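Scrolling down, you'll hit the structures one after another.
Presented sequentially are two complexes of chain A, the first with chain B as partner and the second with chain C.
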Partner chain A sequence: MTTEYITIYLADDDADDRLFFTDAFDELKINTKVSTFNDGVDLMNHLNDPDAILPNVLFLDLNMPKKNGLECLLEIKKNEKFNDIAIAIYSTSSTEEHIEETFINGANIYIKKPNDFETLKKILSEVVTINWQYHTSNLNKDNFLMRM
Partner chain B sequence: MKAKQLYNSTLLLKVIFTISVAVIFFIAAITYKHITTLKESSKWVEQSHEINVELERLMSYIKDAETGQRGYLLTKNEEYLKPYLTSKSLINNSYKRVSKLTSNSLIQKINLKHLLFLINKRHNYLSKTLYLVQTEPNYDHKVLNEYLHVGRLTMDSIRLKIEEMSSTQKKILQNRQLEYESSMNYTPLLIYLTLMVTLVLITIAFIKINRDVVKLSKTVNTLSVANEVSSLAEIVGGFGSWQHNFETNTYTFSDNEYRLLGCEPQSFEASIEEFIKFVHPDDLEYVMENVKNMALLATLPSFTYRVIRKDGEIRHFRTIGRAVKISSGERTYIGTTSDVTEEIYAKNFIEERNRELESNNKELTAFNYIASHDLQEPLRKIETFLSRLISSDFSTLSKPGQQYVNSIQTSANRMRTLIDDLLQFSRTTKTEKSLEKVDFNLLLENAKVELNQIMETKNAVIESNNLPTLKVIPFQIQQLFINIIGNSLKYSKENTPPIIKINSSKIAANSDKSLPANNHNYYKITFEDNGIGFEQEYATKIFTLFNRLHNKNKYEGTGIGLAICKKIVENHNGFIFSKGVLNEGSMFSIYLPFE
Partner chain C sequence: MKAFIKFDFNTACKKILKEKLEECGIKHRILGFGEVEFLEKVSPEKLNLFSKLLDPYGIEIVKNQKTILIQKIKDAIVDMVFNENISVNVKSSVYLSEKLNYSYGHLSTLFSEVTYTSIENFIILQKIEFAKQLIINNELSLTEIAFKLNYSSIAHLSSQFKNSTGMTPSAFQRVIIKRKELINKNNP
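And then the complex of A and B:
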């Protein structure tokens, strides 16, 4: 067992989705440390805490109360401190407007929430094992949206 | 053009008039001179006559004196001396008269002087003779004879002189007569010629004037017709016209301008001050601003305002104007005023309807979002929980329990398809910017790739001839192909491999009965299959949303696919029709316009 963890954050207001998310990582045999936040305000407060450990990958739901996913994305991209965080949009909708807007504003990948658990596990496993540096350098709209 | 011709002809007429007046003056002068000469010549005749008479009289006086003296010499009767005594003064008087009458002739003057000498000499001898006879009773007869002889000779000389004078006078008269005649000879010819020239000129002027009058009356006629037509046009068109002359700062309103305001034509003085009395108080400032602009701008942009008519009705007017230079060279602003009340009302109505439509569209978009996002959310949860239940606890469930779980999964799947299709339908909207020129053969190939799996399972064959390249929304046409071909594949006969024939041709709208009559040209693309077909009575019904002809257990589907097809074709201003024969097959025809 290695001591290296991949730190993963999820901001989602839906308790069921948070449960699926953590359960999926529990079942995957990857060394991850998953933290979940109930909304955008909660997430940003934690990220701005100087003592906080910054995540390797951040999953952002778009439709959240108080501060939505897009607002969080804009705030994170403005702050150089968060330059190394890979951002995955994690949303129910897959409308062109949402995909376009988040792509332009610097998200790294767009995941449409799948409707069965096995697919979810497969997607999450793929996302956390991506070589992000390589993926980001070749980023274009075609490989931005991840469909499974 | 016509006006210029008229102007030229007045110049010609002026020239002719001037020449004619000059000629008449010339004739008048010649006539005057002629008459004066005539008068003078008659005076000369009279004068000559008088001179002759006077000379004869003079002669007779001398003769009287001589005769009287002769009588005395014979009879010594003093009575005979009377004529001799009075003759001196008579001769003197007579001589003075002749001298006066001949004062203008040098020859006659000399003659007269000579005559005076002769007369005096004769008188002398008469006196001498008388003196001799009266004072010397024994006078020498020889001397008397001598005296008488000289007297007789002198008398002869006098007679000769007088005759000479009278013949000289006759000659002078003759000369004058000749002079007069020669001067008079060519005068009538001159007068005649000038008169002829004048006559010709006046005739030309008359013809010219006559022509001008005809032209003028024609122009006046055309003008009055044009005036009437424009006045009628104003009534028909519901507008009035106005003019503002900058030079004189006066306004002119057409009759209809007054009618628009509900007034009798020309019932008040045309001026801005009078006109703005009708303008709605709320629009007054705006109108005045535009009136001020008139002085600054060559073209007055149209502006709309309200007026209160004489009968109290509020109407909307639109005024437009432009500065022009009319043919007289004066700078004038001309413009029209139209009653646009109905137009404004119609526009307001349309704007209201537009707002309603916009709000309806917004509601639809909101509904779209609810369908796309909020309905999917709980469904996704059901499916995810279900997938976890099946993967972990399925084997522990009782047989009926397993059956129920399977049924739940089927229903959930069906609901997902339904939501996805519905979403696709509502997203099939017209977006002008995404129109592209695209090869339909390529779109068909893409559709085949999408449908690859089902085509392979059913051993389907798609036959197509060369399809056109048109300006369309590519992904929508591709979806159209997928849906129509997918529909044919779905409703294929059991145990018969589906064959789908795709054909395309160019047609004109008016050559096809199923199309509305217009001038567009269309590409007709037909999809013909050998499937289960349908009864022709459902040919239009199959395109309505959620409409299905079959039980969902036999053929799965949502009843949205063909509705999407119809919407796509309508987005491209085209048409879609279907034809079906039960158990034999169906045919879908789409018509897409092209330029």
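And then the complex of A and C:
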């Protein structure tokens, strides 16, 4: 039997956060392949590479050098090639206006970075599981909005 | 006169597979014994033809029984949530087990094993998805939607909606409307 993987990208300039994130996924029971990127330019270069395997879920930090999360989001939403990618904003800053703005611009999920590892694991597990349902059950991705 | 023949199953089967795949015009890669990867989307017609061509050789495509049953459970749930004619008084566990002819325990264990979620959560997910559609259509009030989806009150619907999506029904509606406005503005 073929094993199915969920492909995950994370763009975040903070090395500790990236490590936290990959560790959390290692401990989940869902099969995932996680790639991380240090900034928005790095991420966009990879996404635009025709040979790249596109992610099922992309986690985007908002505050990054060179190209920030919102710029990446807008660029991704302009390109039809990326229509199937669920976008999760993964950020510490969160005013209500900020959050709503990212949703309006096409983000599917908004995650406020938690302070402890266990909460992070729980949140990531929930996000990936629900995305998996959208992916496998023909649910309408346009209506996929979630805040954690 | 007799001749003794020695043959290698693996090579023979691979050769048959390759020929038949080519006959159907399916781009493929043979991964090893008993596994073929299709390098393109294969239509059900093509797959059917492929399976017919293999039949005389005693080769058949294995369908994963689990996957098939999971799909049936999902279809039954969608039907239950979206179809008003199904009696609202029947418990979903009873409904599913009668419709699919398996004990609910069996269905429930299998479902959790394969989909990473439970039947209960999947039902909630489907109900909330239906609520979202109705909210977007804007024809029914929240009270009417709650009633249609068999919630005891609007508060119950709102709290399940909030639990499942992290936002209130009205925040959801606001985002979807603004998103549409933005798309219309960008593509006049």
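We adopt the following convention: the second predicted complex is superposed on the first by the 128 of 148 C-alpha atoms of A that agree within 3 Å, B and C clash if a C-alpha of one lies under 4 Å from a C-alpha of the other, contacts with A are read in each partner's own complex, and residues count from 1 in each chain.
As a working rule, a residue touches a chain if its C-beta (ideal position, glycine included) is under 8 Å from a C-beta of that chain, and two chains touch if they have at least 3 such contacts.
Here the structure is a predicted model, which means the values were calculated and not measured.
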Touching partner for A:105 - first (chain B), second (chain C), both, neither: second
Contact breadth on chain A, by residue count: chain C or chain B: C
Partner chain in contact with A:129 - chain B first, chain C second, else both or neither: second
Partner chain in contact with A:117 - chain B first, chain C second, else both or neither: first
First, second, both or neither for A:49, with chain B first and chain C second: neither
Touched partner set for A:80, first chain B, second chain C, both or neither: neither
First, second, both or neither for A:63, with chain B first and chain C second: first
Doubly contacted residues of chain A, that is, touched by chain B and again by chain C: none
Residue numbers on chain B that touch chain A, as the complex places them: 372-373, 376-377, 379-381, 383-388, 391, 416
Residue numbers on chain C that touch chain A, as the complex places them: 35, 64, 74, 115-117, 122, 125, 129, 132-133, 136, 165-167, 171-172, 174-176, 178-179, 182
Touch list for chain A against partner chain B, complex: 14, 16, 20, 63, 92-93, 95, 113-118, 120
List of chain A residues in touch with chain C within their complex: 1-2, 29-30, 100, 103-106, 110, 129-130, 132-133, 136-137, 139-140, 143, 145-148
